[in-house]
Amino acid sequence: MLDKKGIAKRIAQEINDGWYVNLGIGIPTLIANYVPDDMNVVFQSENGILGMGPFPFEGEEDADLINAGKQTITAMPGASIFDSATSFAMIRGQHIQLTVLGAMEVAENGDIANWKIPGRMVKGMGGAMDLVASADNIIVAMMHTNKRGQSKLLKRCSLPLTGVKCVKKIVTNMAVLDITDEGFKLIERAPGVSVEEIQNATEGKLIVEGDIPEMKIPD
Amino acid sequence: MLDKKGIAKRIAQEINDGWYVNLGIGIPTLIANYVPDDMNVVFQSENGILGMGPFPFEGEEDADLINAGKQTITAMPGASIFDSATSFAMIRGQHIQLTVLGAMEVAENGDIANWKIPGRMVKGMGGAMDLVASADNIIVAMMHTNKRGQSKLLKRCSLPLTGVKCVKKIVTNMAVLDITDEGFKLIERAPGVSVEEIQNATEGKLIVEGDIPEMKIPD
Amino acid sequence: MNKVVANAKAAIEGIESGMTLMLGGFGLCGIPENCISALVEKEVNNLICISNNAGVDDFGLGLLLQKRQIKKMISSYVGENDEFERQMLSGELEVDLIPQGSLAARCYAAGAGIPAFFTPAGYGTEVGEGKEVRYFNGKPHLLEAALNADFAIVKAWKGDRFGNLVFKGTARNFNPAMAMAGTITIAEVEELVEPGELDPNFIHTPGIFVQRIFQGKDYEKRIEQKTVRSQS
Amino acid sequence: MNKVVANAKAAIEGIESGMTLMLGGFGLCGIPENCISALVEKEVNNLICISNNAGVDDFGLGLLLQKRQIKKMISSYVGENDEFERQMLSGELEVDLIPQGSLAARCYAAGAGIPAFFTPAGYGTEVGEGKEVRYFNGKPHLLEAALNADFAIVKAWKGDRFGNLVFKGTARNFNPAMAMAGTITIAEVEELVEPGELDPNFIHTPGIFVQRIFQGKDYEKRIEQKTVRSQS
């Protein structure tokens, strides 16, 4: 089983040199830490910055420089700052090569739900609906099951949707899966996790073809 | 009869303190010269500047600072420069208080034609269609008749339209006229021009009510 | 061309109960602190507030929520505010949640004279219910309408008497698009300068979009999530 | 993240006959002089060129017109070019004239993922023929579509290796919107600098919109209408 850092490390392997990447709140935010130093990747935060850098040193935080998670950040050399309309022009216009976000549920057809639990929790969709409706390349980073042990990879989402048929890949604590026309296709297993365990934790249709390799996660 | 400068002087009287004004090519460009010094008026040029100033001194012209007529200009203190999309956002969003432009023909219902003579001349509409479709306050500056002595104030435009029912006021070398539901309403006569002469030079319906005063044009 | 007013109280003159306000800011970053305080003092209520977030319990728009001055919020994300959640779940507060990009684009469209446009965001979700759907290049899009406001209230870093504005860092966020969309736009700035002091090439919001401007005071600029790394 | 190419010739690699190009500039102000020269040299033809103007007879896009490399022009104003007028009236050149604001907005829309939007410009004119009309607040509007291009070619004042661009004066004009709209966007700049040299707060075109960049040379920056006042 992977922890959150492990999930982040595995997704970092999906990033190519020269890409512009939008990372959502939570696990996705961690990914920036695991991109190799020799790769040039520009992180966008949808509140209006390209070239987001690491957190500032203590005492150097600037209230006027935050990311979409409202965390204080720094700007890398070559960064640019812009307004929200321009930021979502980039997103909607498909100028971002990769979007990674969390989810409460993903369906086998690529539907995603992550913004509302009727009657209980309504935080809002933030930029997620724009991101999932626009991006060509969407990876979901999440735990395979919820706190009650129920699968988050479903036949159909039960919660209000964020987007339809948009997720392309899922990286969980147990597996890497592609969304295909037939369902969740198992690509890799987390270290020490069996296909059977993944099958048991997956409510939607799981496609297993041939030997499923274990993920290679660097320390 | 007024000359072009006289037309410009008369239209300058229509401008209020604090207004943002777009002046078209030709006679309208002259208007900037006749706004009283104690009035703050900001001139927009739709290629991307607010706060257009006078022509530069000889030797100080900058190829990177022109107006929509491609003339070299200067920028006033407090000017701002922006791109074409933002410029027309201002225009379309009705942030400009007055638009003045030339015309080949104006109809008694406010239609205007100024961009094309089929088979003979097609310069293009430039920003005129956006301006006339968007502005609430449009004044046309033009000669009352064309070079062949024919009226340019018509029942209906014969040339391809630039915009429909949009012109509010016309200032010509002969008269000031408002466009009303009933037709061209004569407001003022140019110095020395009779109502009869204006009537003869106006093909569209001319409404004359009571005494028509002469324009007061400062030297 | 002097758009300067004395202070926040003078700036919000004419804002009445029941009006629709747009307020810039993302979280607590780049919010018009002075005007929000003045609105609390003025005790206007039944406001419809368009703002990406709703502040926190004791700062930002949370101050107006505490006093029950807001009838309806139009936002994209409201997850940092317990009082907000309580009022919303109890039905005291109407909430219209819309995608962040659509919110920004709808403000921009209002300012730009674009009454409606197509966007893919929200298709197939609650957001799309009742909206016109049209396919472009085989992909479904929703028709979204411009979002207007009686007053837009924005916060900038510097501004001049003509209303030209410059923002700092990610405090820019929704402020420029909302500045375009207000029937009357109020700008509060940290530093008010004379026309000519701001480089015309680097104005973020041209003064034409701003009707009133003043230099605010006592900016708290509260940080929501202070995250730092160690000096090692 | 090094988008730098050696020169205009390298920058226009992949541009082939029959492609659709967007070219920034207003009149001769802010036009990509180096790339235009390289296109003339490359002898690609049957181009569809989207540009606000068509240059003059012996400069700007006029150079491509002289060589009959352009099949169709999409512009708002073409009044400064005799050869253009001759080719258009004789039917050798297709011309699609569209309102300047719609041109800018259609480029912006393409870059911003907005496939279509409503605008009042052109209603009731030739421009509106065959287009969907819809009323908003009692006023008729046309549905206009985003305008895409295989390549967008823009000219900036300064740029860095990441493609961040800064424009000078009214040479900005159509360049930022077109930079957003190109499938591949080429930027030629007067001065190429290192990342970090341009203030992130004052970037006009973020590098994400630019795929190739180079420092141009021998800029003529011809003035179309030199107008001056006397020193008196």
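Labels A, B, C and D are assigned to the chains in the order they are written; within every chain, residues are numbered from 1.
Assume a residue touches a chain if its C-beta (ideal position, glycine included) is under 8 Å from a C-beta of that chain, and two chains touch if they have at least 3 such contacts.
Worth saying up front: this structure is predicted, and the values here are computed from it rather than measured.
Participant: Between chain B and chain D, which partner chains are common?
Facilitator: A chain counts here if it touches both chain B and chain D, which gives C.
Participant: For chain A, which other chain has the most distant CA centre?
Facilitator: Centroid comparison gives B as the farthest chain from chain A.
Participant: Can you tell me which pair among A-D, A-C or B-C shares over half of its residue-numbered contact pairs with B-D?
Facilitator: From the options A-D, A-C or B-C, the copy of B-D is A-C.
Participant: I'd like the Å distance between the centres of chain B and chain C, where a centre is the mean of that chain's Cα atoms.
Facilitator: Going by mean C-alpha positions, chain B sits 36 Å from chain C.
Participant: Nearest whole angstrom, what separates the Cα centre of chain A from the Cα centre of chain B?
Facilitator: Chain A and chain B have C-alpha centres separated by 55 Å.
Participant: How many angstrom between the C-alpha centroids of chain D and chain C?
Facilitator: Centre separation, chain C to chain D: 33 Å.
Participant: Chain A: which residues touch two or more other chains?
Facilitator: Residues 49, 75, 81-82, 88-89, 91-92, 134 of chain A touch two or more partner chains.
Participant: Two-or-more-chain contact residues of chain D, please, as numbers and ranges.
Facilitator: Each of 105, 108, 112-114, 119-120, 167-169, 201 in chain D touches at least two other chains.
Participant: Which chains touch which?
Facilitator: A-C, A-D, B-C, B-D, C-D
Participant: Note which residues of chain D are touching chain B in the complex, please.
Facilitator: It comes out as residues 26-30, 52, 75-80, 85, 88-89, 95, 97, 99-105, 107-108, 119-127, 157, 167-177, 204, 221-231.
Participant: Can you list the residues on chain D that touch chain A in the complex?
Facilitator: Residue positions touching the partner: 1-2, 108, 110-114, 160-162, 164, 180, 194-196, 200-201, 203, 206-209.
Participant: Write out the stretch or stretches of chain A touching chain D in their complex.
Facilitator: These residues of chain A touch chain D: 17-18, 20, 40-42, 44, 49-51, 75-82, 86, 88-96, 134.
Participant: Using the touch rule from the top, collect the residues of chain A that touch chain C in their complex.
Facilitator: For chain A paired with chain C, touching residues are 45-49, 54-73, 75, 81-85, 87-89, 91-92, 111, 115-116, 119, 122-130, 133-134, 160-164.
Participant: Along chain D, where are the residues that touch chain C in the complex?
Facilitator: 105, 109, 112-120, 134, 136-137, 141, 166-169, 201-202
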